[in-house]
Each structure stands twice: as structure tokens, then as C-alpha cells.
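Once you've had a glance at the structure underneath, I'll fire off some questions.
Residue numbering begins at 1 within each chain, and the chains themselves are lettered A, B and C in the order written.
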Amino acid sequence: MGAMHRVPVDQVAVDARAARLGRRSIKRSAKEAALRLAVAMTDLTTLEGQDSPERVRALCRKALRPLEGDPTVPSVAAVCVYPRLVALAREELAGTPVRVASVATAFPSGQTPLRLRLEEVRSAVEDGADEIDMVISRGLFLAGRLDEVHQEIAAVKEACEGAHLKVILETGELGSYENVRLASDLALAAGADFVKTSTGKVQPAATPGVTLVLLESVRDAWRRTGRRVGVKPAGGIRTARQALHYLVLVKETLGDAWLTPELFRFGASSLLNDLVRQLLRLRDGCYTAAHDLSLA
Amino acid sequence: MSRTKSPPEPAAAPGWDYAPAPETAPVEIASRYGHFIAGEFVPAADGAEFATINPATEEELSRVARGGAEDVERAVAAARRALPRWSRLPGRERAKYLFRIARRLQERARELAVLETLDGGKPIRESRDVDVPEAARHFFYHAGWADKLEFAFPGRRPKPVGVCGQIIPWNFPLLMAAWKLAPALACGNTVVLKPAETTPLTALRLAEILQECELPPGVVNIVTGDGETGAALAAHRGVRKIAFTGSTEVGKKLAAAVAGSRRRLTLELGGKSANIVCEDASLDQAVEGVIDAIFFNQGHVCCAGSRLLVQESILEEFLEKLDWRLRSLRVGDPLDKNTDVGAINSRAQLDRIRTYLRIGLEEGGRLHECHDQPLPAKGFWCRPCYFTNVQPADTLAREEVFGPVLAVMSFRTPEEAIARANNTPYGLAAGIWSDKGSRIFALAARLQAGVVWCNTYNRFDASSPFGGYKESGFGREGGRQGLRPYLELER
Amino acid sequence: MSGERGARRVTVTKTYKLFLGGGFPRSESGRSLSVVDRRGRVVAQVCRASRKDLREAVEAAARALPDWSRRDAYNRGQILYRMAEMLEARAGEMAELLALTVPGGLRRARRETAAAVDRLVHFAGWADKFPQVLGNANPVPGPYYNFTIPEPSGVTGVVAPAEEPLLALVSLLAPPLCAGCTIVALASPEHPLAASVLGEVCAVSDLPAGAVNLLSGRREELLPHLAGHREVIAIHAAGCSRAERRQLEEGTAGNLKRVRVVDLEAEAWYDEDECHSPWWIEPFVEMKTIWHPSAY
């Protein structure tokens, strides 16, 4: 690839815009529709060292029926697990619309040889992963070795075969919005199907500001090439209120076309129960207790 | 109308949209309001009154006293009576009144925001997030100056000017009242304030707040009325200083009226501010800044960035982005919390804007509107829009429209941008969008404008002086420099 | 043949002209005014500047403005100091000329000349300091850097009074000049010779051509055109009648001129507490406030 064009980004203006969109008022029918949409966009995630088969089973159950006994609440978009647990998740979710996503490429650091990372990707895809969430080499990126970052992403894309590739930029380690934009443009050029903010293991994780930068990067690529790429903020999104804020960002930056799980996802775990809690409140008119909701 | 090319609308959108979200806080509005003189509400001496309406519905909100010479006389007399005690009050005590007012404004913020939106047509988002908090901020900031004035003017002993006549516009009714009153009171002056004819209600609500704060009677007097009321106030010999914000046309008349009378004058007048987008700018943020610059408060902003100068190499891409952004602007019910652009302030202003739209087309301009969704049937509305194919000599490039109408032009070199930007009798504000620090400073230094926003626009603060070069007026409001017009500097 | 030995030498008398655009032209009108000393004798002729001379002077001042206003403050200060040096060098001539027409004799005239030199020195020193006194950074909320700086207003008209014709003229023009304004001054009509010599001082002080223009003539003839000229953005005047003051201030209605009319008794011009002050400069600057966001 040739030299990547650095697009200037003004952080203060981005944050001001993102904050202003956070003050949109989402009420009644709009709120209910948004909550359902957010559920359908969730990549229900568990990425802990203590993850067990039992935990993944519970997660898959929750993913299929976020609110037991209420079929109007849709299933989530995907379940996201470590590679070792992909086969199990695949089995649990066979024949359902919920997809299996796997982090790969030595998540979360990406610090193994490329050969091993590619092997990890192939293994996860073989085990039945529909989607691969890779991390970029932040070290290479920050050292300015953009060509190598590009080549790695392209190699992973190839290893994915048919699986969707989400590229995690780990925006919290990139130092500036300009770098976030550059990394996103790089990932888009290298063939990413989604750009994703964070692993969730680094602070800050997803913020409205960095997500807006990704949305703008995707918008410019779409305008230039016609190709539609998805965006996935991940990490730190815990409340329905936050999720609604992100939906407003998507709607007013990329338009209604991106308001679909095909093009926008939340990487989250505790978010799902808050979305359900808000749906229950709208349905029943009262606030829920913690024990009303199943653990995931 | 025409539309520049934009990407094809994606198919099969789920079509999630915001439900109506009207601000529902109830606000009591009396059926009539008198002038506020010597701490009391009093009817007009001759009983004259006029209606103030909601420009979004054309419904009458209240009837307000129309001030005549007699009312002005009484108000000035009250201000003169209050002057000796107020000006001799220790600064720290004057400060406490101003702090009280700031606090009370914060406490009654929601009610004031709704009232402002009802009377003026601006989106509740703006009155809630800008007008009311900034008004409180102005009292809070200036309160602190009241006992520190001798530190502001080295080598001089500052003294109050006397009775100030302050005439404010309809675009930021409460905020402009705060801009005028806070420094005047902090400096030990007493005031007769004349709110704009179409938007008197928040100033009268402010009068109630002054009563609650037990501000001594006569320190602030409010006479409602129209241009004639303002002229009577400016002509009154007991008024030692006149502060006016409004059109350059009226400002010049006031200047002629005050000439030779040894009375002081500050003017904050119109503008045709240039917003310069260089090819290295962060374009998405620049688009946002351009939207803010011209469509904030329906373009009823003296410092509105109404002339957009885009570097030729990025013009096409920039306009594509601008088009896309325009389409997401939400125009309509000002009380809806999601409305971005509200109602035009009055029928007269709407007529003026329409005249400019017609002239713009007649002179060969090409009109681009935001969208063609229906606007409310009643009330005064204008779709946000911009014109291309505008030449520097065209009316839209020279005259202040005071509406949501942007004139787009291009430039090739920074030198040309400066020449075009400064080619106006106005000099209120300017915007620069560039990623290069040295270019920004060079452009900022050469722009003849009292406020230069670099990679931002329409930022305001009580600590930041605001005011114009050339025919945009003289004197500053806000900051240390904003105190100067309200003081005599004795040695 | 040479003439009779021992014949009395005829002195070369000076022709007093306008100082305009760096040169010493006669009035385009070809008119002159007689200067009469205290005993009623005509001691000199000065040019009687016309409306067109005034127009030329304003144009010269406008042409000089970009250069003068953008000079380094240090450079402007040095040039004002150079004016003081040159005036000091001509102090004898100046005092004699003043004494010719101004009541009070040579002693008074010497005092006035010395005070005028001191005034120039004073404002020479202000050139690179007044922005620090009149301007400041502003503590605005949010991630913005905000500061206010004074900039010269532009072409400034100066109207000198009858009393202290040199000291007052210098006191009126030095503050705007040190700020970077360019000057069109109307000399004291009663005592115009001081202005003529001051022009010669300016001419050898490295002032750019047109930065200072000095016109002798009739005030009633020139004042309306000065007040009405749209290129003149500010006026600094003294010794004005009510009607003249009104006329100057009505100029404000034309192009929003900044008008400062000074009422000082003759003796007050010597009062340094009164006249040596940045608040004499402040009416001739525009405060420019610049905002810029601050982020990575």
C-alpha cells in the first residue's frame, strides 16, 4: 500500500459534537424501539480468564432470550468468546440467528508472532466462528510502521476466509483522535468488515468521541468507495442511556442505513441487562429489582 | 431549489426516529405586564400596550406596556434617585446582590428557558444550554469584579458613569439583558433597560428575580416598548451612558443623537462574519462549525458566520459534506428538545429574510436547502439553506440577513481569503479552520474582527471580551475590557 | 563681479509646507496663510491645506497603515524615540518659533518643547508594553485557549488645540502612533509653525512615508471632511468648541468612528499623571479576542 493520508481531526470539536448528541431526548415509542434495536446489536461478551463451559452455556441462553418469557425482546447479534470456547458456543447456538464471534490474534495484546496469530484465527474459524475480532499491533502502529499493520490486517482477513473481520484498534492506546482516524482508515483499506474501538482491557475504552471518529472514517470510505463497513464500540458501555447515545451518533452521522446489527454492534456484557431492565420498566411501568433479571 | 450530489440514500433503513419530546415544564405568564420602575411593576403612563406573541404558533402570550416619554422620564428619575446609594455601596456588597441574582437565575433556569423559547422561537436546547446558563454566568463573573475594579485599571481610580440606558435586541433577550446589566451594576451604575419589542417576557421575569433578590428599588428599571421607546431613552439627558446592541442602521442614528452631548456610547452592531475553511482543516469538524456558525439561533446572531470562504481545492468535497449534514438538521417546534432550528423571531424578520432569498436568486445565486420535509402550518419558518455562485459584490455577500442563510464563496490562497474576508464595512467576528498553527496565527492577526474563532465558532464566555471592529461597533462586553465603558477613569 | 565687500548677508528663510506622504508638498490649492507674531507682524507663510490635501493625506495614511501597524513593537518604539532625539536636536529652533507667536516668551516655549520631547520618550517606551497592560488571557471554561490583544484601530485624525500647540499635538498623536495607527493631524490653526518643524522631525526619524501627515490650514474648512471621511476610523482632538465636538462625534454616525475629545487646561498638558498613561492609547486600539481549542 502507499502512504496513508493522515486526516486531521479536532478532538475538542468531536467531543463537543458527541456530547451534544448525547443530549437528544429519546422518549416513549422511540425509546422502546431503540432499546430493542440495541439488544439486537449487542455482541454479548465474556472474555475472562475464568470463563468456563458452563458460563458460555449460560451466556448463549441469555443471548437467545434476553428476557425469559418475552419473545418480543430480540436475541442479541452475537456471542463473543475466547477461541477455546468457540466450538461450545457454536454447538449451543446451532440453528439460531445468533452468531459466534471469537477474539483472536493473541487478544488483548496481539504480542505473538504473526504466524501464531494467523493459526489462531484459522482454528477459531474452523471451530465455527462466524466473526473474528482481531487486535492490531499498536506497537507497530505507534512506531509508524503502517505498511506492516496493513499487511497484518490483510493477512488476518485472508485467514478469516468467509468469516467477518472486526478490527480492534484499541483506541485508548493510540494517543490521539488523529491516530484513531488513521488506524481506522488503515483497517478499512486493509479489508475490515467492522472497526471496533477497544478490547475492554484498556482504559479509556469506547467513548462517544472515538466512536464518532470511527463513524466519520466509515462514512468517508463509503462516500468514496460505496463500501459499507460496520462500527463496534466496546468496553465501558453499561447503561441503556449510553447505548441510546450511541444510536443517536450513528443515526446523525451515517443515517438510518447503519442502524442495523449488520453495521453497528455494542461489545458489552452488563449492558444487556440494563436494556432489558428499561424495557421492563416501559412494559410494566415500575422499576425492577436486580433478582428479576437472569445473570449472563 | 437544487441539491448538490450526495451519496444514494441507503435502502431498507429501519427508520428509527425520535418521538416528539416537548419540554413540558409549565410556565405562568400573566395576561399583562407593566414597566418595572423603582422596584414596582407599573402600567404605562398613557395606558398604551402591545401584544407579544409566540412566533412558533402566532398565539398571543401576553400584553406588555408600551413605554412613552413619560415612562422613560419616570424610569430615569428612579435610576437617578437610586444612583448615590448604589454607587457608594461598598463593592463587596454590590457583589453580593449580583451573586444572588446569578444563583436565582440558576434556580429558575428551566422556567426561564421555556419562557425564552415561547417568546422568541429559539430551540429549547439552546435556551436551556446556552442562554440561561450564560446569563447566570455573566452575573456570577461580574459580581466578583465589583470590589476589584481598582485592580483592573492600573494607575487610575475607576468611578461609575451614572445612569445607563441600555437597549437590547430580540435574539438573546435574557442573555443580552445579563450582558448589559451585570457589568453596569458591578461598576456601581444604575440602569434603565429597554428590552426588544418582540421578546420582553424574560426581562420582566428577571425583574421579578431582582425583586426576590431585594435589589434596591431603582437600581434596575425596565421599560418595555418599541424603537420609539428606545429613542426616547437614548435622547434623555439624564442618561449618561447609552449601550446599544442591534442593527448598524439604528446604531448610527443613536450615534448622531448622542453627538456633542458629552454622553457616552457603546455599540454592538451587525456583522457579515467570514468563516474561512482551509484545505488542511479537519473537514468534518469544520462542517459542524459552519453549521453552528450560521444556523445557531436560526442565524439571528450578530456574529453569525454568514460568509463561508472555502479553499477551492476542497470546495466540492466540503459542500458534499455540508449537504449531508444539513439533511440531519431538525427544524420545527422550538419546545421540542430535539429541535435544532426553531422559529424565525417575527413576521417582519421572516419577510426580510425572504426578501434576501429573492434577491439572492435574482442575482444569480444557487439555493441549496436542507430538506423538503413539511414545516408547521402556523408560525414563522425558514429552512436552513446556503447559496453557491455568490460573488463578493452580491447582496448576500455584503448585507446582514440575520437568518439561516449562508453565502458560500471560495478562495485560492490565504492572502485572497484575507482580502475577501476583510472586504466589508463590518468587523465583528471571523472563523478560521486549519490544522496548521502558524497559518492560523497569521490569518487571525490579519482578520479585522473583534472575535476570531480558530477551529471553533460561536463560543462565548463572560470572561471573554466581545465586540466589533469598524462598523460592527465599539466597546467590548465581557472580560476586563467590558468594564471600561461603565467607568470613568480618574487619576 | 562679486558684490560690494562687507554687505550684509541675506538670510535664507524657510518655506513652511505640508508634511504629506513623507514629502513636503505645497497645498494643491496654491493658497497660503500668514502667520502673525504677537506684535502683529507677518513672520511666515504656511500652506492652507484644502479638502483635497486632506484626502491625499488620508490616502497616504491608509497606504502606510499595513506597514506601520505590522512593524514590531520594538521597532515602533525605537522610531518614536528617534523622533524624540530629532526634536531635542531642534529644540532651539522649535522654541524660538513657538515664542514668536505663542504668549509667554522663550522660557515658556523651551518648557513646552522639553515636555514634548519627554512625551515622545514616554510613548516610545509604551509601544512594546501597552499590549501587556491592555490585553490578557481569559480564563474561559472548557478546553479552549483564549486571549485578548489590542490592535491599532487604523487611520486616526488628530486635531490640535490653540494652546500648547506643540506639546498638545505630540500628546495627541503619540499614543495612537505608538499603537500602530497612522496619523492625519490638523495643526493648531493659530500656531502652525510647530507642526511644520515637527514634520521635519518626522521626516528624519525613519517613520515610513505617510505614517504621520501634518496639515496646516483652517479648522472650519478641514474638520467636516476629517469627521466625514470613511477611511478615518478614529479621532483624537482637543480644544474643540461645542459645535466642533458635535461635528466630530457626528462622524461616528457615518462609519462608527472612535472619537476622543480631550478637555485640558493649558497647564494640564504638562501633567504627567494625566497624560502619561496607557489609557491614552486604549481609545485607539481594537481588542481582538482569539479562541482556539486545546487538545492532542
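Keep in mind that, in the parts below, a residue touches a chain if its C-beta (ideal position, glycine included) is under 8 Å from a C-beta of that chain, and two chains touch if they have at least 3 such contacts.
Being a predicted model, the structure only gives us computed values, none of them experimental.
*Asks:* Tell me the chain pair with the top count of C-beta pairs in contact.
*Replies:* Counting C-beta pairs in contact for each chain pair, the top pair is B-C.
*Asks:* Which chain maximises the distance between its CA centroid and that of chain A?
*Replies:* C
*Asks:* By C-alpha centroid distance to the whole-protein centroid, which chain wins?
*Replies:* That would be B.
*Asks:* For chain A and chain C, let me know how many angstrom lie between their CA-based centres, rounded off.
*Replies:* The separation of the two C-alpha centroids amounts to 70 Å.
*Asks:* Report the inter-chain centroid distance for chain B and chain C in whole angstrom, where each centroid is the mean of the CA atoms.
*Replies:* Centre-to-centre distance between chain B and chain C: 38 Å.
*Asks:* Between chain A and chain B, tell me the centre distance in angstrom, where each centre is the average of that chain's C-alpha atoms.
*Replies:* 43
*Asks:* Residues touching two or more other chains, restricted to chain B: which are they?
*Replies:* As it turns out, chain B has residues touching two or more other chains at 455-456.
*Asks:* Where in chain A do residues touch two or more of the other chains?
*Replies:* In chain A, the residues touching two or more other chains are 10, 12-13.
*Asks:* For chain C, write out the residues touching at least two other chains, lowest number first.
*Replies:* 142, 144, 293
*Asks:* Sort out for me which residues of chain C touch chain A in the complex.
*Replies:* 142-144, 293-296
*Asks:* If you look only at chain C, which of its residues touch chain B in the complex?
*Replies:* Residue positions touching the partner: 133-134, 136, 138-142, 144, 146, 148, 153, 233, 242-243, 245-250, 252-256, 258, 273-274, 277-279, 282, 286-293.
*Asks:* Show which residues of chain B lie in contact with chain C when the two form their complex.
*Replies:* Residues 153-156, 248, 251-253, 255-256, 258-260, 262, 265, 267, 269, 425, 427, 440, 444, 449-456, 459, 461, 463-467, 469-474, 476, 479-481, 484, 489, 491 of chain B touch chain C in their complex.
*Asks:* Spell out the part of chain A that touches chain B in their complex, as residue ranges.
*Replies:* Residue positions touching the partner: 7-10, 12-14, 17, 23-31, 33-34, 37, 216, 222-223, 226, 228, 247, 251-252, 255-260.
*Asks:* Spell out the residues on chain A that touch chain C in their complex, using ranges where they run on.
*Replies:* 10-13, 15, 175-178
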